[in-house]
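Take a look at this one; I'll ask things after.
As written, the chains take the letters A, B, C, D, E and F, and residue 1 is the first residue of each chain.
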Amino acid sequence: MSVVITDPPRVSRETAEAFTPYGVATVHEAQGRTGLLAAYMRPIYPGAKIAGSAVTVSIPPADNWMLHVAVEQCQAGDVLVVAPTSPCDTGYFGELLACSLAARGVLGLVIEAGCRDVAALTEMRFPVWSKAVSAQGTVKETLGSVNVPIVCAGQLVHPGDLVIADDDGIVVVPRAAAGDVLRKSEARERKEAQTRARLQAGELGLDIYGMRKKLAEKGLAYRRTIAES
Amino acid sequence: MSVVITDPPRVSRETAEAFTPYGVATVHEAQGRTGLLAAYMRPIYPGAKIAGSAVTVSIPPADNWMLHVAVEQCQAGDVLVVAPTSPCDTGYFGELLACSLAARGVLGLVIEAGCRDVAALTEMRFPVWSKAVSAQGTVKETLGSVNVPIVCAGQLVHPGDLVIADDDGIVVVPRAAAGDVLRKSEARERKEAQTRARLQAGELGLDIYGMRKKLAEKGLAYRRTIAES
Amino acid sequence: MSVVITDPPRVSRETAEAFTPYGVATVHEAQGRTGLLAAYMRPIYPGAKIAGSAVTVSIPPADNWMLHVAVEQCQAGDVLVVAPTSPCDTGYFGELLACSLAARGVLGLVIEAGCRDVAALTEMRFPVWSKAVSAQGTVKETLGSVNVPIVCAGQLVHPGDLVIADDDGIVVVPRAAAGDVLRKSEARERKEAQTRARLQAGELGLDIYGMRKKLAEKGLAYRRTIAES
Amino acid sequence: MSVVITDPPRVSRETAEAFTPYGVATVHEAQGRTGLLAAYMRPIYPGAKIAGSAVTVSIPPADNWMLHVAVEQCQAGDVLVVAPTSPCDTGYFGELLACSLAARGVLGLVIEAGCRDVAALTEMRFPVWSKAVSAQGTVKETLGSVNVPIVCAGQLVHPGDLVIADDDGIVVVPRAAAGDVLRKSEARERKEAQTRARLQAGELGLDIYGMRKKLAEKGLAYRRTIAES
Amino acid sequence: MSVVITDPPRVSRETAEAFTPYGVATVHEAQGRTGLLAAYMRPIYPGAKIAGSAVTVSIPPADNWMLHVAVEQCQAGDVLVVAPTSPCDTGYFGELLACSLAARGVLGLVIEAGCRDVAALTEMRFPVWSKAVSAQGTVKETLGSVNVPIVCAGQLVHPGDLVIADDDGIVVVPRAAAGDVLRKSEARERKEAQTRARLQAGELGLDIYGMRKKLAEKGLAYRRTIAES
Amino acid sequence: MSVVITDPPRVSRETAEAFTPYGVATVHEAQGRTGLLAAYMRPIYPGAKIAGSAVTVSIPPADNWMLHVAVEQCQAGDVLVVAPTSPCDTGYFGELLACSLAARGVLGLVIEAGCRDVAALTEMRFPVWSKAVSAQGTVKETLGSVNVPIVCAGQLVHPGDLVIADDDGIVVVPRAAAGDVLRKSEARERKEAQTRARLQAGELGLDIYGMRKKLAEKGLAYRRTIAES
């Protein structure tokens, strides 16, 4: 059955924007190494960084009709998250849809399929994380659904979940966990800043993290010369 | 049999240059969604855009001898299009061949294999679309053919066909269809410009394209809350 | 058995630095087309170029403990070269480890696995060649070895071997061969400079390399028109 | 947090066994083309067919400790479904674990990673659907969870969901939907049997499905000769 | 434009059947190492072997409507050859379509996409060479064309070309060349039979093919001990 | 430089044959989880099992000349191990070479490239582990080397090393370690036989291996109901 949920709960813009200082790797660690989308999802240009509330789309292969339906459901601060019902690299998304999303204040797109017009998207700074770049066109024949739970690049995404994306990839944070993960991200970043300073000063992780004893217990041997193989 | 066709028909430079304003996605759509090379063909640097007449090369795996033969067949405004007779990622092409092609006014290279010296090629702005970047060298032992029909990255390319490449990929337009596709690209671009303005102003594709009625007929349902799964 | 070799021989910094003018493709050719790592190893940003002495790490899948051990074994001018014992794309390496390596004068990282924090690594210009970009975290549970021979991306690398990496990929030069390969790289580059000038002036490779006679002997035919297929 | 749920609801054995006559393709169609795991999941030998209640395992990369924990949670008629927290092809599962599962009446294994001892597993007819065959060993260092919701090969699987696997792949049916999908599978199979007989007798799908009129409306043209290209 | 060519020329059944003794590798060699489809095309069960006249289908991604149209165009001795207009692994083809094709005497299917019901297809011995096995269903919304030239798995196939498939893969022979390739296949097979007998008797290829002199001229060295590396 | 080493040391036939009862997974574990070739190396038919002394071949891409040279270096009980100098799926090896090797008592072939004539090879029971099945032919133009150390599918193989292959893949055992690994394989197999009997009788690995305490210490929690997510 095809359905559009028009009024899903969202992570608040304040919460989403509070994640601005924290990268995908930090947030992923802060929530216990969960929520990372597959590494084949790549940004179309370097340097983009977004954090917003997911509008999800389940979409047929090579058919982008539902993207037009989804645009209407988007608000400022949202991130569109799209997964096809079977694997597909077709170019579902290009400049015109980006103009429409940008006009509504949408932050960017995450799509487990192809996108096109990357030169134009780069120029207008509308960031996309996709599985492929492909100019191949789509049809508009078959329905899908908007704002239903989807699996995108190996992760379950509910509408209204927090989605953060940067050069390292994309992480999804369940809406209810966003506040907690924010605090843990802050704590992690604070701690990393201290560690960073010590490492830059030449201290070793072996000492900072107190690893030497455990390594010795596990049996790590140090030798001056290479043993005969 | 190995053969070099020395005088194939070409798409005219005027026609090719008239495609300058139109991207690969636009042209691909304008000719009925045909002619797109596979999405694994990627530019070695962002921002390049070319449109020219194909000089085709069928070449053995890991043997670039015929590229030297092909150079002599190239004229200003040509695009070299190369496909190996079996899959191969070896670095067939580098700075020296690029110097030679650039000296003849060749616009760029499309190769379903590897290229190397990408830093130098980027600096001299000689664009290449390839399946791989690889420094692996080739031999010069076995013949191939120049200016015969080839299948490159899934598309049939005849010598003299129009080849257009940009950040989205590569599209081939049969020589005889170039004029017609040019007119359709112009028409498409004109229409898209109007649509772009309306979308930027906040109108919805649902309304501009008149989709609401057809969506309803197909049975799309709108609901405020997420149904129990 | 897990072991750390603390004092392996190294290629000298003078020798390594003397390779600065020569690209990976040139060095690979100069040593008889050997030593090239697989083409799936890609730089995280364009334009980096390094040449240094390998500190090797054999590391369990999804476990980066030994990277902390390896840092202590690194000196200025070294390149860290890491291979997992079974295929893995996890993000073993990020900004903090890079700070630590940079503080010791390490030139860069080659890892047949994932790295993360690529925005930060790009900003601090710490170059990494990796198989994947992934924010996925690792554990610290299982030992590996440092400065033992490893196979990385299809090539055997001994500690102290010369590793050169640029936009084309990575080549390893056995330590004992470095001087010889340097001389051959110089000779090759000198010869290429002459060829480059002639090609830029419009001479053909067919003539410079004297290929026409051998092509004719092999049976290459030139024709004006395309034969019936 | 690592947790083992010891008493999840299960689809009943009667319901599961009632699916025996229906293939994965039929069930997938019957539930609206949902629930199919990715096509890279392949059986280790042809001809196996199972339908049972999922015991799910979320497991670290290259670490099979939790499989031993999971065995204890399995009952007769269950199917073990395993997904690593990051992509991994390591050989998590072999003959010994299969003996243990078989002793408990477990029907088979679905694992988005590697399995080994395939000759022995084939001989004992313990079916496995996996992403890879690999003899690479795993460690036992890090916890995971048993009977929590997981994403396996692109599909969300809850403990107790119905899992059906055959030569075509694997489909998951939500526990609550199993009865409904069973009825629809029966209906579909009944209808297909009639269609099969008509097709075997030489009737055309074009006529049986009444497609000719719609094809004509869409503009399909029939011609005797091939048009000039 | 979508079109069905109803009366293309065909390679004769006599000619096609005369290829029965010759494998794909032999025929591919006999026609100068051309015409081989990509190696990712694999048979769904071992031991099948077919040779017949191609009925070609160009088909949209994830939409198998045109297969029903194509069935009507098939005659006894034909091979259905299908390529999607953009890459797709969906399960276009299963038991029902196979029943329909078998009823018309079609020999098998070559499809650069997915097929399903492989257990049933294996039982009824209807051979399929496909890019994937997938139970994922398709829609019936968009037209394609039948008996137009297509590129399938990297090879140009015209309707009526001879298609031969076995455990090694698939080779296409242009219709006009079939007689000539048949004679060359016979000659090649005759020669191979003689060589086979000599090799089985222990003679060396080095001597049978007279390779020793050429190897020595190229500089091949024989040594008793392994040189220092 | 191209060289053929005519008299490399070999692992003895007695030692090799003593490995017959032990599978690749067992041997791989017995030597500390090292030596396994990449999982993309697959047998052309199920059920084959070999253990013999490696004759290694380093070979150019798409050129099988050196295989003919290598045949002469093979003795009864050897396994031919072949790696191309750059990645290649071409069909280097088929029935004729297999006849020649079989006539000399060679046990099988391991090749990180393509093989062909798989129906004939299956019928004559000459086992091959390869990266691809491809009928694509090769040339005979460029030299390589026989019985030099090579990297094949990610593992270093010296001539005379022990190579064991079965349905799980391929493992290489350094010649000098073969006796030690044999003893460890025997011990491992003996222990596994005991464990197997206990598992078949319904004992749990958790108890046999004494895992419960360590799992509890790591913090594994057992719960009856699924926690709210």
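Heads up, the rule we're going with is that contacts are C-beta pairs under 8 Å (C-beta built on N, C-alpha and C of every residue); 3 or more make two chains touch, one makes a residue touch a chain.
Owing to the predicted nature of the structure, the values given are computational and were not obtained by experimental measurement.
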Chains contacting each of chain A and chain C, listed by label: B, D
Fraction-based call for chain F against chain B, same above half, different below: same
Where chain B and chain E are represented by their mean Cα positions, the distance between them in whole Å: 28
Between chain D and chain B, distance of the C-alpha-averaged centres to the nearest whole Å: 40
Contacts with two or more other chains, residues of chain E listed in rising order: 1, 33, 36, 39, 85-87, 89, 134, 136, 149, 229
Pairs of chains, among all present, that meet the touch criterion: A-B, A-C, A-D, A-E, B-C, B-E, B-F, C-D, C-F, D-E, D-F, E-F
List of chain D residues in touch with chain E within their complex: 23-25, 28-29, 33, 36, 39, 42, 46-47, 49, 166-169, 171, 192, 195-196, 199-202, 204-206, 209, 211, 215, 218-227, 229
Chain C-facing residues of chain D, complex: 60-63, 85-90, 134, 136, 139, 141-142
Of all residues in chain D, those that touch chain A in their complex: 1, 32-34, 36, 38-39, 85-87, 149, 151, 154-156
Residues of chain B that touch chain C when the two form their complex: 1-8, 45, 65, 68-69, 71-72, 89, 91, 94-97, 99-100, 102-104, 114, 116-120, 122, 132-137, 140, 143, 147-149, 159
